[in-house]
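The two complexes that follow have subunit A in common; it is paired with subunit B in the first and with subunit C in the second.
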Partner chain A sequence: MINKKVFILLATLILSSALLGQFNIEKFSNPQKYGWTNLQERYDAREDLLKRQKLLQIYEMKKIPVWKNMLHSGIMPGWGQFNTHSYTKGQIFLYVEVVLAGTCYYFFDQSYEKYDLYKSATYIGDIKQYYDDATKYRGYAQGLIAFTGLIWIYNIYDTYISTEEYNAEIWNGVVNEFMNDKIEVSLYPMGFEVRF
Partner chain B sequence: MKNIFLLPILMLFVACELSHDNPLDPENSGIPAPSQVSGIIIDRPQSGFVPITWDTVTSADGYYIYRSQSYYGDYILHKEISDPNVTEYHDDKNYIQGNWYYYILSAYKIIDEKKLEGTRSRKVTWD
Partner chain C sequence: MRKYFFIGIIAAFVISCTNNYYAAGNKLSAEQNHVSAIEQYDLSVKKDLNGARKTKSEIARSENYYKLGLKAFEKDNWPLATRLFFLSNSPEADQYLDNCYYQLSEESFAKQDTAGTLEYYNKILTYLPDSELTPEIYNKRIRIYLNRNKLKLALEDFKKLWENYRNDEFTKDIHPKIDEIIPIVTKEIIKDRNYEELISSIDKLITLKDYSINYSDLVNLEIALTYTKLAEIELEAKNYTKAYQFFLNSFGYNQDLAEKNQARIEAIKDGFIAKGDNYLENLMFSEAIESYKKCFLIEKDYLPAKEKIAYAIQREKDAKEAKILYEKALESERDNNYSSALKEYLESKKLLNNAEVRRKIFEMKNLIRAKKEPRAFAQEIVLNYKKGKLANQVYAIEDSMLAKYGETVVDISGWKVLYTSNNLKYDVRYDIISPYENYYFIWKVNLRTREIIALNKRSEELMK
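Let's turn to the complex of A and B:
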């Protein structure tokens, strides 16, 4: 039992001496490699690093996730633009899509109405006329559906662009405020506080 | 990304055609509608009726006679003749002496107990 303890102690001593031989304590503790010439500069650098970390956290909290915003626009056209404060664009997308969807519905309704008349018609003239009308209105509706779909996809694409721009502005704003040193940031587990 | 924009355009060309569900539609049944009634002659009213004659329409199972009191008025179904061999009708129904009457004729064919009406004739009256 004692022999075993002595063996472990000896092995530890040998291993430690070998590791200490390779480890350069001067290089590790040399503050010159970061450009610090005195202790105050080291403290300043640490302070600066902490502030930058806080800024990054503020940015992460204030920025809008791109895919989440695109999903919003996918659910309701213009929603993503509203989130990025592009209200006019958001309203245009919303109104255009509502009007197009309404017009689509009208033409489909007309198409079904004419098709019902076609199915119950007994006069050859009515049969041909109602079938042609039903096909015509259905064509209008399908064309508008395609157009509505294009606008809807473009709305999602525009949300991607708007969100990227919005996030870039957020980042620039945070950095500018930091550079002007007019900002005092306090981070809490539930949020943050900014004092000007 | 380009494929996403092409998707709605593809949707446009899908299911564009409506089905011909009407059993009387020649596109569905393959049975053509009866021809337009021709050879219509309407003589001046005599003895309280208007004599109307026309040519036989082959493949017809009967005829419809529409009547109106004005040329551009509503033409109401006035008489149905269910014998395809009859090509004459004396219109004395609600006839008022001195009035003018205008007529449209058409032939019909029975398909699955429903009547498919062929193209209607032009509006005719007596000279």
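Let's turn to the complex of A and C:
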């Protein structure tokens, strides 16, 4: 009985989702879907797009490629942020990673030192003490490696966000500069021309 | 190892958070899934923070609508193709959009839905001006307008055809139809009467003339007549320059009217000259010059007016000099220096020959004579009165009396000149006396003016 109810419920859900997901051609091809109530508004929108299209080439020259910048930050944390002029963030990422890596190195070093002492120890009390110390420092180091890795990944993610924001700002700047100041941009197959 | 795997999972999660609708749209577009691609581009336009990517999405979206539109177009689904090309909003799409509207207009026309047909025509003509169908659409729309007797609209459309597609087949095709309505339209245009309407009707008629094949003469005549009307209005308002310009404008359109208008212009100029002459006659020099100058409003260098003005200026100068001489002569006259006064009056007359100076000369001559031999002069005045009329009559009476009564009985006094209280006035007498009848003739003679006044009834009768 319960199974039947579950089946009906599932069937209803599937059917309704299918109906909801059905393609509505009228809605899809509604001429007013972009707010153009007449041909003049449509023509104005086209003119606006055309103007923006001309600016894309300038934008492409000025923008920073996202994946390339992420690679920079992958190689050296904070590099990508420096590229997007987020200097403070870049410095924080760099210093944090250096400090974490240095600390990590210190704990590994301590761990190996204690391990060496453990290997050369002859007194049972020392053997236990050195082993515990080596294990403790190794644990610290491994924990810090994981934390450093997380910061490193976050640094890459932040580079993506920063670069996106930076590029968005670049676009806004190009639009403000060329569309509001009535500067004319002409596109040619071999490049573009800017007239002030 | 598990720790590194965990880190990898986190990285994948972080990357997946950065959703890129534009890239997704591009992928779907490449797979020919244009509908889904458009949906992704729509999301990009709606949600993306990067304006450049939004712009790219809009461009890509347009391209995908265009491709969908092409598919609908190939299947002759005009309404859907129209909507998709409309949404594509690109010049490429417009190249098909006009065809879609055209097909839809044909369907409306077939259903005798004129309003619908005109709406589609209007869309093409207003918003797709670069369409290769434009001349054909104008042609068809003109036919509809002509059928519905909307001649003004038909002409407006033909004007656009004429200006932009003069040598197009569709223009040539409709041209004779337009020519047929020219007389009707001309009549409509010339109904306008006030000044502004006349001005605007000139433009309309000139345009109409361009379109005319068989009615050029008619339109030309109406243009010339309208210019003439405008000229007459300007004449009425005394705007002679404008009037002349309108007359001149009329010349190129109708030969007969041009000749009439030329004569009219000459008459106007002659009128100014005649009026000026009249002023000059009355010694109103500045008024005369002003009148002559009006000719220049019509013709800038009108020679007769120039000559008249020069003459008027000279006359004015002479008149001033004549006045000075006249004043001088009056002075001499007051000093009883009549010879000098006469000389000055004569000089004044040379410069300004008017009645006053002539009278003065006459009087001066009389006064000189009166001063020299007043009695003889007084008698001479009477004897010469109306070529001897008085003397002849007196002598006739005398002869009659002598014949009737004989010399011994009739006593004749002869001419006697007597002083009066005024030294320039003398009484002249002639008496014929007999026992049976008497005649006493007596006149008072003014030596200054040679005026004779009869002092009794008989003398008065002789003067009649």
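Going forward, the second predicted complex is superposed on the first by the 127 of 196 C-alpha atoms of A that agree within 3 Å, B and C clash if a C-alpha of one lies under 4 Å from a C-alpha of the other, contacts with A are read in each partner's own complex, and residues count from 1 in each chain.
We adopt the following convention: contacts are C-beta pairs under 8 Å (C-beta built on N, C-alpha and C of every residue); 3 or more make two chains touch, one makes a residue touch a chain.
The shown structure was predicted, so the numbers you read here are calculated from the model rather than taken from an experiment.
**Student:** Can you tell me whether subunit B or subunit C touches more residues on subunit A?
**Tutor:** C
**Student:** Just subunit B (first), just subunit C (second), both, or neither: which does A:Ile153 touch?
**Tutor:** So A:Ile153 meets both subunit B and subunit C here.
**Student:** So, does A:Gly125 touch the first partner subunit B, the second partner subunit C, both, or neither?
**Tutor:** A:Gly125 sits against subunit B, while subunit C stays out of touch.
**Student:** With both complexes overlaid on chain A, does A:Tyr115 touch subunit B (first), subunit C (second), both or neither?
**Tutor:** So A:Tyr115 only meets subunit B here.
**Student:** I'd like to know which partner A:Gly102 touches here: subunit B for first, subunit C for second, both or neither.
**Tutor:** A:Gly102 sits against neither subunit B nor subunit C.
**Student:** Considering only the touch criterion stated at the top, classify A:Thr135 as touching first (subunit B), second (subunit C), both, or neither.
**Tutor:** Once the two structures are laid over each other on A, A:Thr135 reaches subunit B alone.
**Student:** Which parts of subunit A are touched by subunit B and by subunit C alike?
**Tutor:** Residues 142, 146, 149-150, 153, 157 of subunit A touch both subunit B and subunit C.
**Student:** Where on subunit C does subunit A make contact in their complex?
**Tutor:** 3-4, 7, 10-11, 14-15, 17-18, 35, 38, 49-52, 55-56, 58-59, 62, 80, 83-84, 86-87, 89-90, 123, 126-128
**Student:** Which residues, counting only subunit B, touch subunit A once they are in their complex?
**Tutor:** It is residues 1, 4-5, 7-9, 11-12, 16-18, 20-22, 24-26, 33, 106, 114-120 of subunit B that touch subunit A.
**Student:** Show me the residue ranges of subunit A that touch subunit B in the complex, using the header's touch definition.
**Tutor:** The touching residues are 111, 115, 118-125, 127, 131, 134-135, 138-139, 142-143, 145-150, 153, 157.
**Student:** In the complex of these two chains, what residues of subunit A are touching subunit C?
**Tutor:** So the residues of subunit A in touch with subunit C come to 23, 25, 28-31, 33-34, 36, 39-40, 42-43, 45-46, 49, 52-53, 55-56, 59, 63, 142, 146, 149-150, 153-154, 156-157, 160-161, 164-165, 167-168, 170-172, 175.
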